[in-house]
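Each structure below appears as structure tokens.
Across the two complexes that follow, chain A remains constant while its partner is chain B and subsequently chain C.
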Partner chain A sequence: MTGIAAVLAGAMLDAPLAALLAVGVGLGYRVGGRTEWWPGTAAVVTAAGAAAVDVATGAGPTALLLAPAAAVVAAATVVSGAAAMARWRLWWPEQVAADPVGHFASVALPLVAVVSLVVAVRGEGPAVLSSGSATVTVVGVVVERGAVLAALMAAAVLVAVGLVVRRRWWHAPLTAALQAPALLQRTGRDPRLVLARLTALSVAVGAMAGVLWARQGEIAPLDMVTITVTAAEAGVLGGLGSVPGAFGAAVVLSLVRALGDEARPGLGALGVHLLVIVVVAARRGRIGPWGAAVERSG
Partner chain B sequence: MSGPAPKPGDGAEDASLVPLELLSEDSSVPSDVASQHRDATAAGWWRGRRVGRWLGRWRVPQDRRLVGPVLAALVVLSLPWWVGSYGAELLVELAVVAVLAQWWSLLAGAAGVISLSGAFHAGTGAYAWLLLVRYAGVPPVVAVMGAALVSAAVAAPAAWALRRLPAPWAAVGGLVLAAAGSAMVTAIDGSAERGRTVRAAATLGPLLRRSATIWLGALLVVATVLVAAAFLRSEAGLAVRAARDDEEAAVALGLKPEKPILALWIAGAAATGAAAGLVHLSSGVVAVGEAFDPLRWVLVPVLAALLGGSGMVGGPMLGAVAVVAAERLLGTAGGLVAVSLSASWLLLGRADGLAGLVVPWVRELLWGQDATVREPPGSSTGSTGRR
Partner chain C sequence: MIDLSTPALLVEDFEVVPDGARGVLIESLRLDPGDVVTVLGSAGAGKSLLISGFAGLVPASGRLEVAGRSLQACAPDERARRGLAWVPQGGLEVPAITVDELLDLPRRRRLRRLSDGGSGPAAGRVWRHDELDELLPGLSRCRPMQISALEATERVAVSIALALRVGPRALVLDEPTAGLNVAGLDRLRRALGAVAAAGVAVLVLTRHRPFAEALTDRPLWLNEGRSPPFGKGAGA
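And now, the complex of A and B:
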């Protein structure tokens, strides 16, 4: 019984991280159907950075979260700032939006370059973070304090992002930039700058998720694919672009994964993938239970 | 040789739009305009050099154009006897990357469908090949075709599921399918990660196995190139490209792009499955990590197509050569950094990638054809680039 409780607790603590990634990827989808895939790269970059700091200083995962909590924000700011600048100055969205290959290239090429650079610098193998952080007892279950802190930080970021995307000053110009950029330009605002803002927030969320993800103990540069798939699954199941939907889906998927792996190693991942495939095959239109609600509420 | 000749006195800017043959054969055109035209192109500059002039004398007459393909076929047939195991491995890798890049390029460049499901098709093909050889007793070489058929059969329902998702999510859906396939194999077969050795492939002998892999690889490349060229020139290819540029207008004109796109998707899956069978025929071992590896089956071919220029037949081939060379010279990570950065730099300036630079140059050098940069079949922006 305690074993199952620990598994469930672990799943609940993992869920906000997956939700963060899903939100980062799907942030622009709600207002204009735009999907931003750079958060996955940002997650890998900051996770690798966190691992490097951990290995160099021997700070330990918990210290990584506590003492340099500002470092998490700093990493997110730097990475998201760089991504936003790249999006604004190099890859002009209105020019690549009409061309699927150009749009894909604008996402994929920087992503591959960054991840390959990380691999070239520090190798393909995973960085194993130091372990042995202090534990706390939550509702009779012993869990790592670092895991609780990471989940709480992720939940706080989720709430903050959920509040920001409801504000008119955030979503009105973004909707205009995605749906009618010429109109927005006539009001004196630069649509590219507005979209760069979306990139900045998306990537910042992904970067934070990366640092928190690294706390789990092991991160390899090529985990980018796993991270992107995780984000996409939570996003699809929860309703594309929905913050509460992503959180709910992440909880469901984490539970399925944890219970499946408890039954037989490897079964959890299979269960998660099959669940998502079944949902996609069974539904039409906006995907996911929360997606339909978002659509109804406009 | 049709079309109006330029009027004397036109500027160099106008002259650069006129085919070279017109300029050189029409005596009314001042020679300085013709030379300005030549100088305005990379090929013209090249032909001005000494080596270029020497090479420029060597032209293939119209009635002897079969000589090249026949010579190439003879060279390919003789390859197993004079390339070693490293050379054979390199050629198979080149063929696989070229084939996968060509299919990705057709789907993305011509149809506007971004697909990342290569790892899923490859994994399906690899395990179909393993099952056919190991449990059904099918000869390893024949099983490569079986792998292609199984991949195609599985791709059809996968396409049905992926079509329910919006475009970018459908692309990632391909990665989800690959992850699901990998998890399924791992859950069923406990030793999938270590890999299963196929003894029947080892019993072929080194020369026979090398011959089979090289010839099958060459066959796959030729078939892919022929199908791609035929598709881009067909009515279905036109319909698909029209729908990519403006779906509403295409539907209003009565065009139906869904079936050609589905056919492309399934044919691409079959080619990927065959390529996976080929790779495992060469190695004789099927491991789940390699069979569903997104780096090998998705990332590298996509980079080759983007670098070479998507939507054209020559682009992915050039891209494949560049990517494989970069990987071999700089290592996997270094090669990917070099290729992604150079593709980014190239695509910022021009939409047709490496092919837009090289193909007109080679065409004029060999056959003296018009060197003015042409609109690539799969590109709406053409060689003028995005800026």
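And now, the complex of A and C:
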């Protein structure tokens, strides 16, 4: 009983973090949908998470091949904000922020090459890290205090992001930039800057999730891959860009993963992937009652 | 403060040639603040192309100035900030926001800074919500509605309201009469008259000859994509 309780507690602590990264991916997806190459934008956002893990842990290049792109975009978004405030003309860093995908090759690839070279020369490899924080007992279950704090902070950031994206000053220009950019231009606003703002938020959310995850407990090589996939799946399941949806999906997927792994190591991840595939197929009308509904309406 | 000595809209040797296709040329057109000019053109004459050229949505060459500032080489949003407002045919694209949210999209503080000087004369007066409700009957009823729920005629009204929220010096409209009945045409004529009376230059591109003649004594013609020379100060 205690074992199951510990598994459930672990899943509940994971869920806000997965949801936070899922929101970052979802917001980035909306930018990518506009730039018609969403995987690139989603990769940039998750790379920010990966980069943040590297920074927060101070060792272990877990995602060095992606981190430079995140750093470039994050820096460019900061510059674009400053440029917008100063009413400068659009210049190169701002253009990178507004269209990271279009500038990916010219910016990121040389940096990736340089960083990879540095890593090769220094001879560092991925490391297993632990926050080593003190433990606390919650309802009879022993958990790391750092994990609890990380989960609580992630939940707080989620709520804050959820409140921001509902505000008129945020969602109205963003919706117009995504759905009718020519209309937004008639109001005197540059859709690229609005999208740059969304990119900045998605990168920041991804980075925040990465930092919190790094402080939560153990980080192993390739963890960011697992984390990223889980977050992307939570985003897809909960509706890309939806904060409550991402949180609900993250809770469900974290539970499925934890219980599956408790039954047999590795089964949890398989269960998550299967669940997501089934739900996505059903939504698209491939199987089940949704499929029948699609046929009737068609 | 509107400078009456500076033309609100100045167009010279302005040619729109998208993708090497048939272009539209305006040799000379000047509108002072408060002027109303109508340009008649049959379907396919290039009215929509011309307004796209003004807006910077398609390549164009020549001189285009609003309130003394050149708009060439400016992005569409910069043109709007410099005082050019345009209402394309059909009025509005359809994002999932309400009319009220749409009319709050223009950044008034930034526009006010521009109109106060510093970077020169630019945006004109930004119309308040109550002024718009008075100018465009039925607008207040539309405010809580999603744009997608609006009828075609309501979209034109909302689009004009949006243009006035940006603080234009010159307002260009493409076929604003589409779908309007006699009463609607009369309301539109009076609204545009009031806009002009407030110091905004109004240029209407239409194929509705009675409406054009009701607005101005002598409408200009856009002919088969090649306009005749309008002459210096024509319509002003």
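A few notes on this one:
The definition used in the following text is that the second predicted complex is superposed on the first by the 171 of 298 C-alpha atoms of A that agree within 3 Å, B and C clash if a C-alpha of one lies under 4 Å from a C-alpha of the other, contacts with A are read in each partner's own complex, and residues count from 1 in each chain.
As a convention for this text, a contact is a pair of C-beta atoms (placed from the backbone, for glycine too) under 8 Å apart; a residue touches a chain by one contact, two chains touch by 3 or more.
Fair warning: this is a prediction, and the values are worked out from it, not measured in the lab.
Within the superposed three-chain model, A:Asp190 lies in touch with chain C and out of touch with chain B [touch as defined at top]. Applying the stated contact rule after C-alpha superposition, one finds that A:Leu270 touches chain B and leaves chain C untouched.
By the touch criterion defined above, A:Ala180 reaches chain C but does not reach chain B.
Contacts of A:Ala281 after superposition: chain B is touched, whereas chain C is not reached. Residue contacts after overlaying the shared chain place A:Val229 against chain B, while chain C stays out of touching range.
Between chain B and chain C, more residues of chain A are touched by B. Of the residues of chain A, not a single one touches chain B in one of the two structures and chain C in the other. By the touch criterion stated above, chain A contacts chain B in their complex at residues 29, 33, 35, 37, 90, 92, 95-96, 98-102, 104-105, 108-110, 112-113, 116-117, 119-120, 124, 222, 225-226, 228-229, 232-233, 235-236, 240, 264, 266-267, 269-270, 273-274, 276-277, 280-281, 283-284, 287.
Across the complex, chain B meets chain A through its residues 108-109, 112-114, 160-162, 164-169, 171-173, 175-177, 179-180, 183-184, 186-187, 244, 294-295, 299, 302-303, 306, 310-311, 331-334, 336-337, 340-341, 343-344, 347-348, 351, 380-381, 386-387. Residues 87, 168, 171-173, 175-176, 178-180, 182-191 of chain A touch chain C in their complex.
Touching chain A in their complex are the following residues of chain C: 55, 57, 75-78, 80-81, 85-86, 92-97, 101-102, 104-107, 110-111, 119, 123, 162-163, 165-166.
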